[in-house]
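Going by the order they are written in, the chains are A, B and C; count residues from 1 in each one.
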Amino acid sequence: MNLLNMENPVFEVYAIAGSIVVLKVMLQGWMTVYRMLSSNSGLASPEDLQKGLINKDPSPEQLEVNDYVDRSRRMHRNDLENIPAFLAAGLLFVAVDPALWLAQVLMYGFVMARLAHFVAYATKRSHETRATFYTIGSMIVIYMVVHVLWLALS
Amino acid sequence: MNLLNMENPVFEVYAIAGSIVVLKVMLQGWMTVYRMLSSNSGLASPEDLQKGLINKDPSPEQLEVNDYVDRSRRMHRNDLENIPAFLAAGLLFVAVDPALWLAQVLMYGFVMARLAHFVAYATKRSHETRATFYTIGSMIVIYMVVHVLWLALS
Amino acid sequence: MNLLNMENPVFEVYAIAGSIVVLKVMLQGWMTVYRMLSSNSGLASPEDLQKGLINKDPSPEQLEVNDYVDRSRRMHRNDLENIPAFLAAGLLFVAVDPALWLAQVLMYGFVMARLAHFVAYATKRSHETRATFYTIGSMIVIYMVVHVLWLALS
């Protein structure tokens, strides 16, 4: 049985949810670039202090950690701790042929939890708010791989 | 020929090994949360100093690096440097139809190497011990992609 | 229709490009190890200051950030922000059955952009040079998932 194709509605849900979260993680990189350029700080490497198109007025303090820029990097790191795991877990989940409604709830739920986490982190909401959305996303990934293991090992 | 499905025993090995390492990386996040809450330190963002359910007695030192919490973050970073690469390499390896025993040795070997790396890092074993398990896991991923490249390019 | 197999030339392109970038990310880890050992600095954990095969003459400064070693870690982090996303985006892109030439341009283009980014970062080229190659790689991944979303949602 071939489930990993776009004619399978569950795979299509995975393709949509997976594409959105890949887009999310790529755009997080651009948010860091935007914040770095607009605040003219939070540079990563000593050679970035060269005068040039990106940096018209270099100064050594530009290499210091700046919360405005570093916040976007922390959001990115949080993505990297969750999104690649979701992408792999989701593909394996499709391969065990789950109910379509369950795939929709889990995968679109993950997308929404991560977007809410993004908003909570970007707007400096309380640790409790951010942790709630992190937990939802994390639990969804954990559920998916436990479901796969359960079926594979039984 | 369709190899990426649960009727293929090699894919089943990949699904089991892949699910375990996804679970491992997700639980590493929860180990960081546990250590952060139990030690009441190693917070990541300035807004986490707000008084609340998670932080009943805030103080500025909570934002400083704490080895107990940071160790779990370093273990997580090491996972991110290895596990997503394994997940992709493993899927490609299944697609070139390797012998089942070889897939079992490599994929379960990777799982065991990463679990041993986890124990060595968490219990502060010597750099040599940790490096040995890192090397085994890394060599397995490198072998898998070289095997895929060899077949694809020949 | 089963597209995720080595008889599909587009999947073969993905397998080759994916294997090369997995290899790249794994070798970046070994570049960090090489720089750490050859400079005898940039260690990550307090227990690495134990005398042993890896560290024959320990001193506390070995735990300080060293640009030679940290540069390789920053290159690695940049890989982790791009390569797992490419691996997932590429697989989804194969599943929507694109033209072979388009897959070749995008996937081999990504490989070349990341190798050029590696050279630019390792040889401390200007921020503008590094940013150019980052942008090419990033735009390719973004294009692939937007293409998938467009087809899946239309």
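Here, contacts are C-beta pairs under 8 Å (C-beta built on N, C-alpha and C of every residue); 3 or more make two chains touch, one makes a residue touch a chain.
All figures in this text were calculated on a predicted structure; none of them were measured in a lab.
Answer with same or different: of all residue numbers used at the interface between chain B and chain C, are over half used by both copies?
On the two sides of the chain C and chain B interface, the residue numbers are mostly different, under half being shared.
How many degrees of rotation bring the Cα atoms of chain A onto the matching Cα atoms of chain B, given to the nearest 5?
Best-fit rotation on C-alpha atoms: 120 degrees.
How many angstrom between the C-alpha centroids of chain C and chain B?
Whole-Å distance between the two chain centres: 17.
Chain A: which residues touch two or more other chains?
2, 4, 80, 84, 91 - these are the residues of chain A that touch more than one other chain.
Of all residues in chain C, which touch chain B in the complex?
2, 4-7, 11-12, 15-16, 18-20, 22-23, 25-27, 29-30, 33, 43-48, 50, 52-55, 76, 80, 83-84, 87, 91
Can you list the chain B residues touching chain C in their complex?
Contact set of chain B toward chain C: 1-4, 67, 71, 74, 80-82, 84-85, 88-89, 91-92, 95-96, 121, 124-128, 131, 134, 138, 141-142, 145-146, 148-149, 151-153.
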